[in-house]
Amino acid sequence: MKRVVTFGEIMLRLNPEGYLRFTQANRFEASYAGGEANVAVSLAGYGVNAVFVTKVPAHEIGQAAVNELRRFGVDTNFIIRGGDRLGVYYVEKGASQRASKVIYDRSNSAIALAKPGEFDWKAIFSGADWFHFTGITPALSDNAAAACMEAVKTARELGLRISCDLNYRKKLWDSETAGRIMGTLMRFVDVCIANEEDAADVFGIRADKSDVTRGELNRDGYISVARQLSERFGFNTVAITLRGSISASDNNWSGMLYQDGKSYFAPEYAVHIVDRVGGGDSFGGTLIYCLLEGYKNQRIINLAAAASCLKHSIEHDFNLTSLQEVETLAAGNASGRVQR
Amino acid sequence: MKRVVTFGEIMLRLNPEGYLRFTQANRFEASYAGGEANVAVSLAGYGVNAVFVTKVPAHEIGQAAVNELRRFGVDTNFIIRGGDRLGVYYVEKGASQRASKVIYDRSNSAIALAKPGEFDWKAIFSGADWFHFTGITPALSDNAAAACMEAVKTARELGLRISCDLNYRKKLWDSETAGRIMGTLMRFVDVCIANEEDAADVFGIRADKSDVTRGELNRDGYISVARQLSERFGFNTVAITLRGSISASDNNWSGMLYQDGKSYFAPEYAVHIVDRVGGGDSFGGTLIYCLLEGYKNQRIINLAAAASCLKHSIEHDFNLTSLQEVETLAAGNASGRVQR
Amino acid sequence: MKRVVTFGEIMLRLNPEGYLRFTQANRFEASYAGGEANVAVSLAGYGVNAVFVTKVPAHEIGQAAVNELRRFGVDTNFIIRGGDRLGVYYVEKGASQRASKVIYDRSNSAIALAKPGEFDWKAIFSGADWFHFTGITPALSDNAAAACMEAVKTARELGLRISCDLNYRKKLWDSETAGRIMGTLMRFVDVCIANEEDAADVFGIRADKSDVTRGELNRDGYISVARQLSERFGFNTVAITLRGSISASDNNWSGMLYQDGKSYFAPEYAVHIVDRVGGGDSFGGTLIYCLLEGYKNQRIINLAAAASCLKHSIEHDFNLTSLQEVETLAAGNASGRVQR
Amino acid sequence: MKRVVTFGEIMLRLNPEGYLRFTQANRFEASYAGGEANVAVSLAGYGVNAVFVTKVPAHEIGQAAVNELRRFGVDTNFIIRGGDRLGVYYVEKGASQRASKVIYDRSNSAIALAKPGEFDWKAIFSGADWFHFTGITPALSDNAAAACMEAVKTARELGLRISCDLNYRKKLWDSETAGRIMGTLMRFVDVCIANEEDAADVFGIRADKSDVTRGELNRDGYISVARQLSERFGFNTVAITLRGSISASDNNWSGMLYQDGKSYFAPEYAVHIVDRVGGGDSFGGTLIYCLLEGYKNQRIINLAAAASCLKHSIEHDFNLTSLQEVETLAAGNASGRVQR
Amino acid sequence: MKRVVTFGEIMLRLNPEGYLRFTQANRFEASYAGGEANVAVSLAGYGVNAVFVTKVPAHEIGQAAVNELRRFGVDTNFIIRGGDRLGVYYVEKGASQRASKVIYDRSNSAIALAKPGEFDWKAIFSGADWFHFTGITPALSDNAAAACMEAVKTARELGLRISCDLNYRKKLWDSETAGRIMGTLMRFVDVCIANEEDAADVFGIRADKSDVTRGELNRDGYISVARQLSERFGFNTVAITLRGSISASDNNWSGMLYQDGKSYFAPEYAVHIVDRVGGGDSFGGTLIYCLLEGYKNQRIINLAAAASCLKHSIEHDFNLTSLQEVETLAAGNASGRVQR
Amino acid sequence: MKRVVTFGEIMLRLNPEGYLRFTQANRFEASYAGGEANVAVSLAGYGVNAVFVTKVPAHEIGQAAVNELRRFGVDTNFIIRGGDRLGVYYVEKGASQRASKVIYDRSNSAIALAKPGEFDWKAIFSGADWFHFTGITPALSDNAAAACMEAVKTARELGLRISCDLNYRKKLWDSETAGRIMGTLMRFVDVCIANEEDAADVFGIRADKSDVTRGELNRDGYISVARQLSERFGFNTVAITLRGSISASDNNWSGMLYQDGKSYFAPEYAVHIVDRVGGGDSFGGTLIYCLLEGYKNQRIINLAAAASCLKHSIEHDFNLTSLQEVETLAAGNASGRVQR
């Protein structure tokens, strides 16, 4: 069984039920999520030994986060306990022309205040094949950035493959800081996952003539971004998610893989959205799975795009699709006929 | 008042709320449904004396199933009590490219284990005009198949008209067995309801060049299927539902009636789906109603298609539309404007 | 801070959850709403001192209605207590071809039975800039009509601007009575809000060749209606909402402003509906805000159409959008991308 | 099968979930209930052909009330349709020292405005053994009182036994009117059901030295009330419910039967309350059942008290206990051990 | 109308539904509460102009807190906006031998980080009669303690009466710090509210021989504590809540007032608990109301104890009882009989 | 870390919300439970490596059961997949005099149809310290009984300690069969857990003069039962739960340990019940933990009784208490005071 380690924050996610606005809600659905945790759940669902590393407070809310990961098969044995709070984020689901809203309340969380030495990376990476993190983790705090640096160095030494989803969060840091710190970390990364905006926000790498607020995709622009990323940091693989936002209810969705100077595009899906948060993470998780399995280029991007297409039909952050469902959609059956 | 008898299984239907997946659910919506029960509810809603015949266990879950039928006006006086369990089926609602899933847990239910002699068909059919069953009932068990045979023979003797919805369920029996048993039963049937797949699965009757996973309809193919069915079994009426599956959220929907060698197509509806389970049953129930009322060909298929179009907008299996709503839609008003 | 007074009925709104039909519901969502109360909430949300005047019973259900208004910032100091009942209305949300249904149970409510002298209009209008009512209020009872007449006369004397949304309700009165009473009230009105049907139903003013049950808009027809209204009653402003009903799930939506003989059309929005009740009221509330702020013609109609477009994505009657959200949409960003 | 007719109002009952107060609720549980309907449900649950007669509006809320009665086995064939509204009542569940609250909004309901001639009592009573009404029905309106008078006269002519639960509602009429009208109706009544307060409020019949706000019972007082009732109106049976209110959460509960000058007391139960509304109606329904079955005095009151004790543990108005459960409790097993 | 100002923190309160434990919950009920906000709601419910002063973030969760206060009539005009987060606290309701749990996540909230000068106390206290705070507010941060000091000084200058509920929170500060800071603030306080533990924890003032984990009350001990408090700080009034904890489901509850060297005890109530959080705040709010109204000693403590007894039967923190309910209970009617 | 293996069935548990009866429910809370699974959850919660062995179907409902176990820390690596169905049981919560009801629908479940050879007991017990099963498992089917026999033999060979909870289920087998099969299995058992009824039902072992439907306990009787059990089968430890059923809402609860001819009684708790299902399993799980830890007699029974007392305050079957909570209660603090 392959073993993949991901490292980052898990938060309590609170969202009003259905399409209620924050100010209408007197109940919140409570789930637990975070970019790297979401990737771990994807991988665990595919049968990978997915280890998620973080720090959570010793109280029951911290335990509930751990429990939710265990429920979906994630290995939580390296999660450490301590600190005062679990980060919280509030999600309000958009519809039609009304955009979804996310309010973060994650400062001073246990993981943000954790010190690098608290994680025994040698032990954590023992027997592991892959290390994954995203641009969110180093953005949490200087300590978290230092922990990331320790992690990638150790992973490199131990021969793990390393992937990173750029995932720029402008509320956590500014572009300049992100570019500087992420630039250093990227030197250790083999596989880079991004969307067009991330590359621009973090590294100033832009594609011409594309407008992400329209429904249309600009193939050449994405290839250009991937090539620039690849050339600057020596990634052997770059994968980009392609989202065309028609409205909060309907998106077009696809993905591109860039390897050895060649690009591979997945089919484009017209998605009627149930919950789009975590869509990118399901793309990343499936990509890692396919790379671990040694799938071919076009199959890799087709499966990653299909899985993340399906994620948009699933409530909350986690990608709870099976490999069989992903394969079925990637094989062209998007009809949604009842299975009985 | 017209009196219609239907015979089959009623199950506890459990579905997660909204678009939650099975593994996310810690609550299930509980309703009670089954192909023939659904038809009875349609008919009761139109003012017909609809008698549903089955066997349920004497405990409270069995009683709850009876209560739900009574609630919607079905005559439950001929339901017998006994056996150990009510069948259960689990429904997970699909969305966009993610298909709905149905898991059946119906083996050894009270009705599947009922013995033919337990039903007093002469008394049941007293004063009745019509008998309806589907291909699910004989598939439940040998006993259930024998009970169906008793029922159709008695119904024929007493001069009732008889309808059957082929409703092939591959998890209950194989095509060969289905073909053999259904073939025998069909000799007593006047009105056959099917979809294109049923005819192929049960009787090997196929239309050329149609692909039900695409959104397009193949008129000639459906006519061909209906003609073959009609010729082989001597049905005076064949009705076929036409579903074009764009995604789990959006379907095209229509129906065809075949009588006296002529075919009548309903308009096609672009349906945004709330719950598609029971769509075929609402088509069958409305068809029977129209035939009982002696409506003309085109009107029959238009109302059956309109009612079953509306069913797709209603939660759970039951068709809870009024005749007035059906007539309004069949008359061309599909705008969904608020009625106040 | 600008001060706007609205006058009318607030009712308990009961709707089944999700897409359940009335006969399936064993729970109702409970909110409190009414045409003029909805307008007040829109205005309070934009920072206006919005005073809502009505009469509610002294019991807890009446208090709950007051509380809901206070919650969203409405000034409830002039609401009087007494009478026996709060009006109730039941809403069943439609989907696809199935229309939404509204059942009113508002007869003999506290406000319908209130006597004109119970409201001290001089005190109520003290410091106010604007008075708004709709055609529903005078339709409630002769007393309510008399109270409206008192209100508009006093408002005119005190120099307030006056707006009215025609809002014809055929279950409350007939066209002839409506035309007679509304005709008298209109003489005091500066700003008239309507949809094409209202103008025809109340005043027999019609546009040619438009069919509101189709998805297409007939620009000339709307201009014609606005011009006729303007000419007959001397309105300086007429605003019309333009709804194209594709289905209960999808509408096209826009608006037209008519001032000084010129017409200004907002862009048309393809709306995927969450809850369309209150859509017209959010249009009216935003229109009043823009007129109070002295915005220019095209901007006025663009903001009113954008706000009411957004209202369709919000549960229950109240328009809980912020000015910033309205401005963003009016500026052309309808992509619904996540804001984080 | 015995046939019992009850006549009265069925209302929409709305209550906040759990122990929420009215002003905290944004959802209401919706059920349908009323004194005489509750009695019919009790009887239907025991296997009696229980006919409930009323008038409900033709809209879906009226239909939902009918459906709820059918669900629990009540014969609804004599319910007539018409009028504008279904009465509503709001229930807030109390706890500990906080009392439950009921707000009625039942004026001008379909049944209150129904005219006596609308009910064909001869047809309704055909084949019936018993007629039951309560003091609520004649209090609804003069028309309803006249309908009651028609009903009891016809019932008497046709030889039915007649029972009445005094059920004084001070918000519907005053003691003087109640005494006058009820006095006339009582001449036709065989079995009178009451609590101590009813007898005092309606007929000025009082027991000495009892204080119903304390937890203690005054046996002699209850016997005195029953004897006075019996003597004044010639009842052959008087049954009185005995409630000792410790708090909104805990009550003592018992009952007394008075026949042929003798009194029979049931054991007293210490009840931990789930929902006490409908407790008296379950007592009445069970009493009628026992009298119909010809049970002996002590057994009658024991079963009636046991059934109504159990009702206090059931949500909403309806008494959904089985005869077996009632017999078990009456036999002395109050331990509530799990049945599995 | 009397005007009372309270100052402190309002938090998002999250609790699992019913008796679910934190680790079982996938939904949280969301309300907004805090010691001083709770007092303001009590007072607003009694008709007082209750002003609550705090700082909340400008986002929607902050707005939702403001809205909840407005809903229950609190004057929110002096709440300032800014900072990053609203404090959160998690409540798990206990039952029987299992204690309730509270987890605080309130560090770095907007109010904790607010600077003293941000509040314009002169404007806030304009026209006010009373200022109330609790020991929680100065414990939030040095800034908050400084703001309290500013507030009490200004209140004293402007002639307001000042009350403080000691409300010691050991997770916010230690006894030594609390004693030092609170000691300074107490010099400005007229009315001190406490429970026995508070006095010991903050000031080392103890009563002999009482054991608060038992169900029994020690009258002399409470008098001793009140006398010591009064003597040390010159309070003219000390009020102490008396809780006897039988279990998480059942408590005994009473209160004592100490004025001019004399003590007045309320009756003791046996409380079956719905939600005990906020019980002390409802006592304080009612006490302030009674003192403002100039009620006599015994009446004051009787009403304060009755109101806070009733609060235990109400979900969430807010005391949503009416004066009439409080008076009824204080008059001795604790039977909880239905009011209809 | 200690390793304990438990073996049995896990079922889908469906219960109406709150106190609703089965026939009122249109939603069921869904959890997953079973006697031995419940014990595993208890142990996992205390930090033991608790392995649960069963067979579940490969579909999503089977997976959901596995997920729920993982969520609470149970090691599910030895659960095998196959078969057609997961057993179901329905629970209706009783209150006051109304008893809880359990309806089992577990026939033909995957585990009941599993063949003994499917479980590799040598591998399963590798590194394990303890094996636990209950009388339910051998009652499921002959195959399950054979698997139990294989398991106990292998466990004995490998030197594990073995415990069994008699747990007689009269719906699964009769006393004679139970006595015969359990008698054979008991020869391998070290620790026997029972209640008084179990010993009588399975082995005909009775205590005189005790009546479990009363609230009183009969100490000598329990000692007599334990001694007889111990003597007949050579158990070194017998533990008996003592339940006094006052009503469905209130029970007295305690436990007795019998070792080396001596008996140790825990204190008796007056329990206000939230959910009593699983109470016995939490007793067994805590007993095993204490025996594994080598605690002394009185401490063992005190902790087991305290934990199972607390379980009665927790919804659903699982014992989600912490060791710290158990220790606190066993130390005498039953006051349920808020922990904050």
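Note that the chains take the letters A, B, C, D, E and F in the order they are written out, and that residue 1 is the start of every chain.
In this section, a contact is a pair of C-beta atoms (placed from the backbone, for glycine too) under 8 Å apart; a residue touches a chain by one contact, two chains touch by 3 or more.
Model, not experiment: these values are computed from the prediction.
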{"item": "Given subunit B and subunit E, the chains that contact each of them", "value": "A, C, D, F"}
{"item": "Distance-maximising chain from subunit B - centres being C-alpha averages", "value": "E"}
{"item": "Self-contact between copies subunit A and subunit B, residue sets same or different by half", "value": "different"}
{"item": "Inter-chain centre distance, subunit C versus subunit F - centres from mean C-alpha coordinates, in Å", "value": "61"}
{"item": "Centre-of-Cα separation between subunit D and subunit B, whole angstrom", "value": "42"}
{"item": "Distance between the centres, which are taken as Cα means, of subunit F and subunit D, whole angstrom", "value": "44"}
{"item": "Per-residue multi-chain contacts in subunit A, two or more chains", "value": "18, 21, 23, 26, 67, 72, 101, 103"}
{"item": "For the subunit F and subunit D complex, residues of the former touching the latter", "value": "18-21, 23-24, 94-104, 169, 171, 212-214, 245-250, 276-277"}
{"item": "Subunit C contact footprint on subunit D (complex, rising order)", "value": "14, 17, 21-23, 25-31, 59-61, 63-64, 67, 84-86, 88, 90, 92, 101, 103, 105, 107-108"}
{"item": "For the subunit C and subunit A complex, residues of the former touching the latter", "value": "18, 72, 269-274, 306, 309-310, 312-316, 320-321, 325, 329, 333-340"}
{"item": "Partner subunit D, residues of subunit B touching it in the complex", "value": "67-68, 70-73"}
